Amino acid sequence: MFQIAKPLDEALAPVTDGSMLVVPREVAGAPMAATRALIRRGVKRLHLVALPTSSLQADLMIGAGCVATLETSAVSLGEFGPAPRFSAAITGQTISMKDATCPALHAGLQAAEKGVPFMPLRGLIGSDVLKYRDDWKVIDNPFGNSDPIVLLPAIKPDVALIHAPMADRFGNVWIGRQRELATMVHAAARTVATVEKIHDGNLLDDSVLAAGTLPGFYVESIAIAERGCWPLGLPDRYAADAEHLALYAKMAATAEGFAEYLDRYVYEKKAA
Amino acid sequence: MFQIAKPLDEALAPVTDGSMLVVPREVAGAPMAATRALIRRGVKRLHLVALPTSSLQADLMIGAGCVATLETSAVSLGEFGPAPRFSAAITGQTISMKDATCPALHAGLQAAEKGVPFMPLRGLIGSDVLKYRDDWKVIDNPFGNSDPIVLLPAIKPDVALIHAPMADRFGNVWIGRQRELATMVHAAARTVATVEKIHDGNLLDDSVLAAGTLPGFYVESIAIAERGCWPLGLPDRYAADAEHLALYAKMAATAEGFAEYLDRYVYEKKAA
Amino acid sequence: MTFCPEELLASVIADLIGDVRHVAVGNASPIPATAALLARERGKLQGIGRPYVSLLGSPKHTFWTDGGRELFDCAGQGRIDVFFLSGGQIDGHGNINLVEIGPHERPKVRFPGSFGSAYLYYVVPKVILFRTEHSRRTLVPQVDFISAPGTSEPNVFRTGGPIALVTNRCLFSFANGRFRLESVHPGHTVEEVTEHTGFEFDRPASVGETPAPSPETLRLMREAVAPELAAVYPQFARQVFGVGAFAE
Amino acid sequence: MTFCPEELLASVIADLIGDVRHVAVGNASPIPATAALLARERGKLQGIGRPYVSLLGSPKHTFWTDGGRELFDCAGQGRIDVFFLSGGQIDGHGNINLVEIGPHERPKVRFPGSFGSAYLYYVVPKVILFRTEHSRRTLVPQVDFISAPGTSEPNVFRTGGPIALVTNRCLFSFANGRFRLESVHPGHTVEEVTEHTGFEFDRPASVGETPAPSPETLRLMREAVAPELAAVYPQFARQVFGVGAFAE
């Protein structure tokens, strides 16, 4: 079902042009080394789902022209300011934007995880988030009395791309408390994981480690990418590289600066 | 929000007569010491939800007259045969039975966990399980085309009663990979936990232990009950007491034998 | 080579499993478990690395880390290809009853309950019904309670359902809402099957005998499957294969 | 006692929080975080052990172990009593805009996005709007994009919504779909508020000055809250309270 520790480019083969690709928020570990590899390969027309928000990862992929459609709740560089390539793509109308709200993305992926066509969610009614989502529906709650409620269709990505602290030789991936990674993976048809290192032994054999383990059953391919979230951080492992992120924010403010950033940090450097 | 390690009877105060009480299946750790304490106290008219099945625990509570309504997918003593007090209560019509199917109970509790009034589920259509559940509804899937789908109302228990390997002094409870316990607890208004032992330090401070930890935020009270699942087992800790279960199956086959069992193993022995 | 009835049944079931990705076997099902592990050994020999086998009764043989719902979510995702169900009653429409005998208002007999059948029967592509007791008591014209129906209306979402029924006497296939007698196990007869079956079924002009397990199949079961099985079903493995838990 | 603007704002917000069970504070919100921790210190002094405070930006100050959805599930369960929201625009109906300026088809400015507002605004009983920049650019008659509306039709399920808006100039309360000027911060005037507010609001005949933080409040903030805060917002704690991360 998987082959442990492929070369990164090979592991990323399931992410083909036009794929619906789901990626996690920064605090769950953004797979940045894999993202740079995809940009180098020149992947195109992705429907990128960022659960439920994104920062550098989405901005970089959008700027590099990999994204046709973006579905998320927010893109921002946080303390480093707005996400410049995202903002430029929206105002320049070069990507199609499906604005959502965080719990709607969680619910849509949970619907796919459970094999149901939709999931209900409170809130949303009267917002323009709902108004511009033709794919969301409002019904009268059958258990209520003139009680409108939003139904969100299942989000079924072709590929989930994640980064985690470790995997074992059986393809099991330790995700810790970042449990949205499990939901993403269950919802997606295929999963590619990068990891910091390979764990000796079977993660499922240890009841304490097993509690934070995503079974290899769901995993298509794994590549090792040390400091694979750089310049973002990986919780409990390493912090974000603030200096580099400030540099990114500055360079990506213009199209030219962004192109130079790509040349310098994505195309030239083959690894993190 | 909680007080660590109360005496068992005190910890169980939230389970009042008429409560909707949710308990886990045997492999997730059935809180048997707590169950015996509730029987000794003489709790009455429970709406017992067993997620998604039960064995000795439900049989014992039903036999002892604690249960008015049972909502579950199956009750059986497994290799020790049918659950005799459950069978007698159904054929004798002394309890009201809400037959379900396993994923319907998971979905109903997930609906409560998410604060939505219902959850859809595939399957069920054309079954008598659905036919006898007036509280379940069938709608036309708004994302389909003449595609009937079942909607299950949220199950919102008053109390979740669980047993786990350990808790810390902050009320955090380590549940490992038994994640349905988290869903039960999120869905319930209040939670009572029994645990094998108290863990030194804060479970949430260790990223490996945290992955399997239910936050104390959700927990009302905790009591220590060593071998608290006896005569059932606790995964990775101790096995079921097969000899005792065979004895139970034999004694509980008749009302008289069951009464004697209660006298001998529930009323007399104050602890496990 | 001589073989015992359990070996025959496991061999029949392994053939029904065929080449799939994932077989899940419920608790207390040693013969289906034997069959699933046999299918896995065959896959290994063919170098295809399939099927993945989950034995739900054994933590060592399941990968679940998302709680009790993961089995059902996994099936809903289309990630379980084969599952096994049984019934206190099974009728000629493929309906199964795991709930009760007698009128619903006042049942005479109560079974444990429907478990996951009212869901899994609909979403697992190959459900194999397995009931060793082949009698008019178990195989009935119409079940008293439908835990899960054998077939559904065309507009009902259904990606799965029964493909066969294996008993101690014979193998039925199931298609288009009816059972068809495929073969009779060695030592049993078509007349005997008819006599002990409460429902109508299709019966070809000529019904063959269920093929005996090949020497290769018996060797795989006894040498590769039995030691693995002994960790989960020690008593069964000892009785059928003479293998203890630590015999490997 | 003298105090700085941040201390005043935190004190105002702590009063709005009141006696509740659980306050959650989003990322990059040092002043609301200060207020929440202050409310907790007050609860400790009163011996009530409330509120529980979750600072979403800090793993040490959050208990989540069920992934990113737990915050929203927790709110849906009614287990979050107070939350903070802001907006690129906020209008007089309490609508907030976190998405864009200009027509939707061709926005002039794009903000990050709605985050969880389109849900949390409906289900958290006390949402406190916090926007330090008080100008006609931010406080507008009608937002260009409604990330989340201030009010809903009576039949729409809504257990939460805005109760107040705190700016660098004043405190508005919010009820029945309108803001009401409650008090003007020391050094600011009603005229100035009117001049810089783009929406209509109710204005009592007499509008008082926002009360200065009491010496007790300032002491709690500086001695009990600041060291805790320094672990999460080191720069803010140093600037406002002169406290370093290891100053305790």
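Read from first to last, the chains carry the letters A, B, C and D; within each, the first residue is number 1.
In the analysis below, a residue touches a chain if its C-beta (ideal position, glycine included) is under 8 Å from a C-beta of that chain, and two chains touch if they have at least 3 such contacts.
Just so we're clear, the structure is a prediction, and the values are computed from it rather than from any experiment.
Visitor: When A-C is set beside A-D, which has more C-beta pairs in contact?
Guide: Looking at A-C and A-D side by side, A-D shows more C-beta contacts.
Visitor: Which whole number of Å gives the spacing of the CA centres of chain A and chain C?
Guide: Going by mean C-alpha positions, chain A sits 40 Å from chain C.
Visitor: Please report how many Å separate the Cα centroid of chain B from that of chain C, as a whole number.
Guide: 29
Visitor: Could you work out how far the Cα centre of chain C sits from that of chain D, in whole Å?
Guide: 59
Visitor: Two or more other chains touching the same residue: where does that happen in chain A?
Guide: Expected reply: 110, 114-116, 121-122, 144, 147, 149, 177, 182, 210-213, 235-236.
Visitor: Show the residues in chain C shared as contacts by 2 or more other chains, in ascending order.
Guide: 64-66, 69, 72-73, 76, 123 - these are the residues of chain C that touch more than one other chain.
Visitor: In graph terms, with chains as vertices and touches as edges, which category applies: line, ring, star, complete, or other?
Guide: other
Visitor: By the document's touch rule, what are all the touching chain pairs in this structure?
Guide: A-B, A-C, A-D, B-C, B-D
Visitor: What residues of chain A sit close enough to touch chain C in their complex?
Guide: Spelled out, the residues of chain A in touch with chain C are 1, 112-116, 172, 182, 186-187, 204, 210-218.
Visitor: Sort out for me which residues of chain C touch chain B in the complex.
Guide: 27-28, 59, 64-69, 72-73, 76, 98-100, 104, 106-123, 145-149, 152-153, 155-157
Visitor: Which bits of chain A are touching chain B when the two form their complex?
Guide: 107, 110, 114-122, 137, 139, 141-144, 147, 149, 151, 153, 175-177, 207-213, 235-236
Visitor: Per the contact definition, I'd like the list of chain B residues that touch chain C in the complex.
Guide: 24-25, 27-28, 51-53, 72-76, 78-79, 82-83, 86-87, 90-91, 93, 99-104, 106, 110, 121-132, 144, 146-149, 177-183, 235-236
Visitor: Under the touch definition given earlier, write down the residues of chain D that touch chain B in their complex.
Guide: The touching residues are 21-22, 49, 52, 63-66, 69, 72-79, 123.
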